[in-house]
Amino acid sequence: MRPSARKLDELREVQIEINAMAHAEGSCLIKMGGTHVLCSASLEEKTPPFLKNTGLGWVTAEYGMLPRATHSRTKREAASGKQSGRTQEIQRLIGRSLRAGIDRAALGERQIVIDCDVIQADGGTRCASITGGWVALRLAVNRLLKAGAISSDPILDNVAAISCGIYGGQPVLDLDYAEDSVAGTDGNFVMTGKGRLIEVQMSAEGNSFAQDELMELLKLAKLGSAALVAAQNKALGGKV
Amino acid sequence: MRPSARKLDELREVQIEINAMAHAEGSCLIKMGGTHVLCSASLEEKTPPFLKNTGLGWVTAEYGMLPRATHSRTKREAASGKQSGRTQEIQRLIGRSLRAGIDRAALGERQIVIDCDVIQADGGTRCASITGGWVALRLAVNRLLKAGAISSDPILDNVAAISCGIYGGQPVLDLDYAEDSVAGTDGNFVMTGKGRLIEVQMSAEGNSFAQDELMELLKLAKLGSAALVAAQNKALGGKV
Amino acid sequence: MRPSARKLDELREVQIEINAMAHAEGSCLIKMGGTHVLCSASLEEKTPPFLKNTGLGWVTAEYGMLPRATHSRTKREAASGKQSGRTQEIQRLIGRSLRAGIDRAALGERQIVIDCDVIQADGGTRCASITGGWVALRLAVNRLLKAGAISSDPILDNVAAISCGIYGGQPVLDLDYAEDSVAGTDGNFVMTGKGRLIEVQMSAEGNSFAQDELMELLKLAKLGSAALVAAQNKALGGKV
Amino acid sequence: MRPSARKLDELREVQIEINAMAHAEGSCLIKMGGTHVLCSASLEEKTPPFLKNTGLGWVTAEYGMLPRATHSRTKREAASGKQSGRTQEIQRLIGRSLRAGIDRAALGERQIVIDCDVIQADGGTRCASITGGWVALRLAVNRLLKAGAISSDPILDNVAAISCGIYGGQPVLDLDYAEDSVAGTDGNFVMTGKGRLIEVQMSAEGNSFAQDELMELLKLAKLGSAALVAAQNKALGGKV
Amino acid sequence: MRPSARKLDELREVQIEINAMAHAEGSCLIKMGGTHVLCSASLEEKTPPFLKNTGLGWVTAEYGMLPRATHSRTKREAASGKQSGRTQEIQRLIGRSLRAGIDRAALGERQIVIDCDVIQADGGTRCASITGGWVALRLAVNRLLKAGAISSDPILDNVAAISCGIYGGQPVLDLDYAEDSVAGTDGNFVMTGKGRLIEVQMSAEGNSFAQDELMELLKLAKLGSAALVAAQNKALGGKV
Amino acid sequence: MRPSARKLDELREVQIEINAMAHAEGSCLIKMGGTHVLCSASLEEKTPPFLKNTGLGWVTAEYGMLPRATHSRTKREAASGKQSGRTQEIQRLIGRSLRAGIDRAALGERQIVIDCDVIQADGGTRCASITGGWVALRLAVNRLLKAGAISSDPILDNVAAISCGIYGGQPVLDLDYAEDSVAGTDGNFVMTGKGRLIEVQMSAEGNSFAQDELMELLKLAKLGSAALVAAQNKALGGKV
């Protein structure tokens, strides 16, 4: 029995509210149960220096968490003077995942910065950030297309992410904090709208795992990812 | 004519939604027109070292802004490795203001940390942080009282803050960003529920100002502050 | 009775020795009783980047304190790797105050950096820094005028600052450390030579204060400021 | 054809020289072709604070690279004042991987710090660090066993890591820099001596990949990992 | 001919004004011509952790320079967030030199921190800091002796420092900035009151030098050091 | 009797293995007994900004130490976020020493960065770094000469460094850690191939020393330096 009484392959309730931040070129508030993340896309009309004169664009991401998004207060990274290794690992993952879903030549020499800020945390914040970050990116690119700044759509496919893990000896989908904090093996799968893989990150801090378990988790991830892609498209209305 | 078509002494619409963050001991989302701030109070059962064995408690504050709370993206302070002078100035002001409204002996040797994070900015973020921060503080103290951890209420009075300034040659209340960015003289008034002063901060970067102007702004601030105190009390229901 | 036996409206002895630093374009050593601050003005023939091609100049300030300027040794900020919030707040105030007394178009595209370093501290260091910083600025601008680098005087008026507070229930002028450390309400007034206001910063950490008290302190501040302006002009001889 | 003319499933030449650092409790120099990493294990007779009085030990890792380990000089992280996100991601992976192969209760309340410093880089430095780091850990634990400080062996199994990727459309084992810098999909597999999985990290920055490709890479990884485990055991002689 | 028209073996005018800082346990303002350094000694009644329970005391030093002590403004180290290599090298030298003149067991488990802040620079600031720092140390130790906190004098001898160099092909004593900035070879000699050596630091950035030149500079240094020791004793009156 | 049973004027065994790092323009591994340092020279085809358009080149150095190069583990400087004062002092010494042996006009507007990383430490790491750093520099310059990038050899002479000290009351050459950690007086001498001096750094933390002792140590240093220069030339074969 899962703490939330969900079935093994059941996602938490997903809500995606678009245009949640007035100033951003694209934004949404994504809720996966008790995990809430504000995602914004900021368009900059120049690339980072290493891409100058290559004709290629760039998508990058930054991740943060409000100090009291968590059960007990977490020290503010701005006050402690540096981003933790965990934060850096997560924002690198978000950026890499979103870049894998975009044709950087079609984007042209501009940069889109995705900011994912966790307002409330209950497990799976990096996956929610990727899924919501893609919606913000989609909206910012729509604006570029509408304005005629680019002629063909650089977005190749939806990108969504979901966590899976072995909880109580059983493979489960979309771990919340109560599950995540005790699962021996868990991981994150980033997938495209067509069900292809972008990132697989499975870790066993406590117990090693077998190839069969990896396969079962992958099966769950496909289910979850398809549902998230549907939620993305529904939130965007006819806007994709 | 103000850009927002408001009257000279008219506040923006004020909304205070309490318990906006699931994990905090007290929290609210305060909206002053387009300025939205998430405020949380985190209770820690020990004081900072300099108060050990004094019997006194402490209230402190931290302030942040999401990178895309603003018209164009602001660099994330956690990434740049330090809090700006502006951020430090604001969070010192919030902490000082809220401490002035509390009896630290009645609070006892514990600390309450107020986090004010600006989700969306349209001028007056430090004032909204103080007004909302006080609501979060009130809720956290209510919890202490209810739990019997303290026997008498350490909160002496409401604390609220409002900006005023000279815009287009006229004294105006509650400047939004369009006004704030051009006002030659502006400032912030922090006041108690009874209308006494806690902080007065008036600045003239462009033009010096006369004592009479200070008096007129103070009159506006009293009006605004009284309305904010009423909004605090209404949001808290019978909970104060 | 004040610890120094001064009258309620009595300044400490003010001494301003100009040209105290051989290399600076303008400098002075200002002493307000036991508070001694070395102030220098450094002229740079370019503005900060955000003013490029605007025709406007800039005045900025930095503040520091020798580790043993204080009763017990204060940690050296260069060693601890950052400036405290207090230091940043003070240097922002000094810069803002001095800019309010200058016509930046008349200054032209150059920057003057005011360094205020506290050699010995006995309360009121930020006010002494502003009063002395203006003298250093005046001397550096005189040099520009004499050299023909600018044709009209960009300095609009003197700028001086003084602290006031409620000590032992009475409004007093120019608090020293013994008063400052116990005063419930105190603040700083920055004024022009003509008695107009540039900054008002009143704070009540312990007790809120009434509008009447603000008015009484403002009255004292005018007296003090006028005396400081006279001391500035006397120190400068016929040089203003 | 691979740049190195290796077969698709062929490892680079592996050399592990134990006791390469005179002062460490365990150490080795591991060479995977042109990638050379010095690995040391430092034993500390206390755990990090969060494990105090739990009876559990800890294994952690730090990773570094000499500035001229790479084709062109990389800025020294000690000089730039922080570890890059890449460095932090790698050292977190090494620590997590090695912890998964140890019984922390059997280790007892002590910490072993694994330092992996890349002397020369030609792709696959994080995998070489894990494989060599385990040898250093094994030697340090041997010393504890020999000294009677612990009674049962806390090491559960060998831990080794190998990279795989899609190069020129073909799945290949143990990518060198020439392959790694152009492969669209690649990843790292950390495995135990018995062939179970500890970490799977597959990334597609350029192209998404199919589940079948993941399976093929996993097959290669098993081959490579088995060979590395053999090399570890051979280097340790009868010492395991 | 030296720029200052001094003879080859002639010191600049030396002035040492004791008790220049009201709050310090010992202090002086030392002037070597245009080089002015404020030196203070701060007594702390505990040693650094590494000396706990050894019965030994410690003397350490910190060095700083006001931004406009120099011909053109130097960036403030507190603002740039770290002390330069030069600053660290100098303060390590001052601390090491003063420790060599003290019996740390006689001092007992306490620490004296010497702060040397350059108010105005014209070459030789590190030597002036050592010579003045010793005077501040002497005064702080006198206070300990007078208070009966220690029974025997821990100061073994005077410590003074002087620079020498090859200028225009000739060995000269006490280089000022005009000489120092062009001298191919120069260095600093720290000596005791009895003429024994504590530190010798000779550097040739431009030209290597011969052993004979080292001997000649050493001869000059002895002359200079003796004069500085006399100046120290004179400034201290009968207080040594 | 020395701990290593060496004679008073006996160097430790010196080994210099050139081309120890595949990617560097010049490199060596130098071993002085148990002290092992990897030295590399990285050629950059531009000078630092302050030399732009002067026609002069630059040689600079960075120094580091693997955390477990030492008896007990030293904190990694990259992790603690800054280089220690000791590190900065050493790398400034290495850079200054190597620049003294080069004609910067003949080098032309390019920079050579020498990295010295201590793999294993047993005293004398800064001297080994200079001696080995010069070999790396020589090899990088050889490459420039061979490529015709420069027409005349900018290297004026060999540069080598050796430590000496008073151990057990006797002057000894090339102190190892066991001697260095107890010697009251020790120092480093940097010399040219012709026996001229570049740097002399003698320190007495414990005891002051006499001029005669300086002379005796200098005599030893000459012997040691000559042997090191011979070892440099032998390692380079006919390549100098």
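Each chain carries a letter (A, B, C, D, E and F) given by its place in the written order, and its residues are counted from 1.
Simple rule for what comes next: a contact is a pair of C-beta atoms (placed from the backbone, for glycine too) under 8 Å apart; a residue touches a chain by one contact, two chains touch by 3 or more.
In this text the structure is predicted, and so the values were computed from the model without any measurement.
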A correct list of chains touching both subunit B and subunit C reads none
Of all chains, the one whose CA centroid lies most distant from that of subunit A is E
Given that subunit D and subunit E share one sequence, their CA atoms superpose after a rotation (degrees, nearest 5) of 120
If chain centres are mean C-alpha positions, then the most distant from subunit B is chain F
In whole angstrom, the CA-centroid distance of subunit D from subunit F equals 33
Chain centres from averaged Cα atoms put subunit E and subunit F apart, in whole Å, by 28
Cα centre of subunit A to Cα centre of subunit F, whole Å, reads 51
Residues of subunit A that touch two or more other chains sit at 81-82
Read round the cycle from subunit B toward subunit C, the chains appear as B, C, E, F, D, A
Residue positions on subunit F within touch of subunit E in the complex are 82, 85-86, 88-89, 91-92, 96, 99-101, 157, 187, 191-192, 196-211, 214, 218
Per the touch rule above, subunit E residues touching subunit C in the complex are 21-24, 27, 34, 38, 40, 42, 44, 62, 64, 66-73, 76-79, 81-83, 87, 113, 115, 117, 119-120
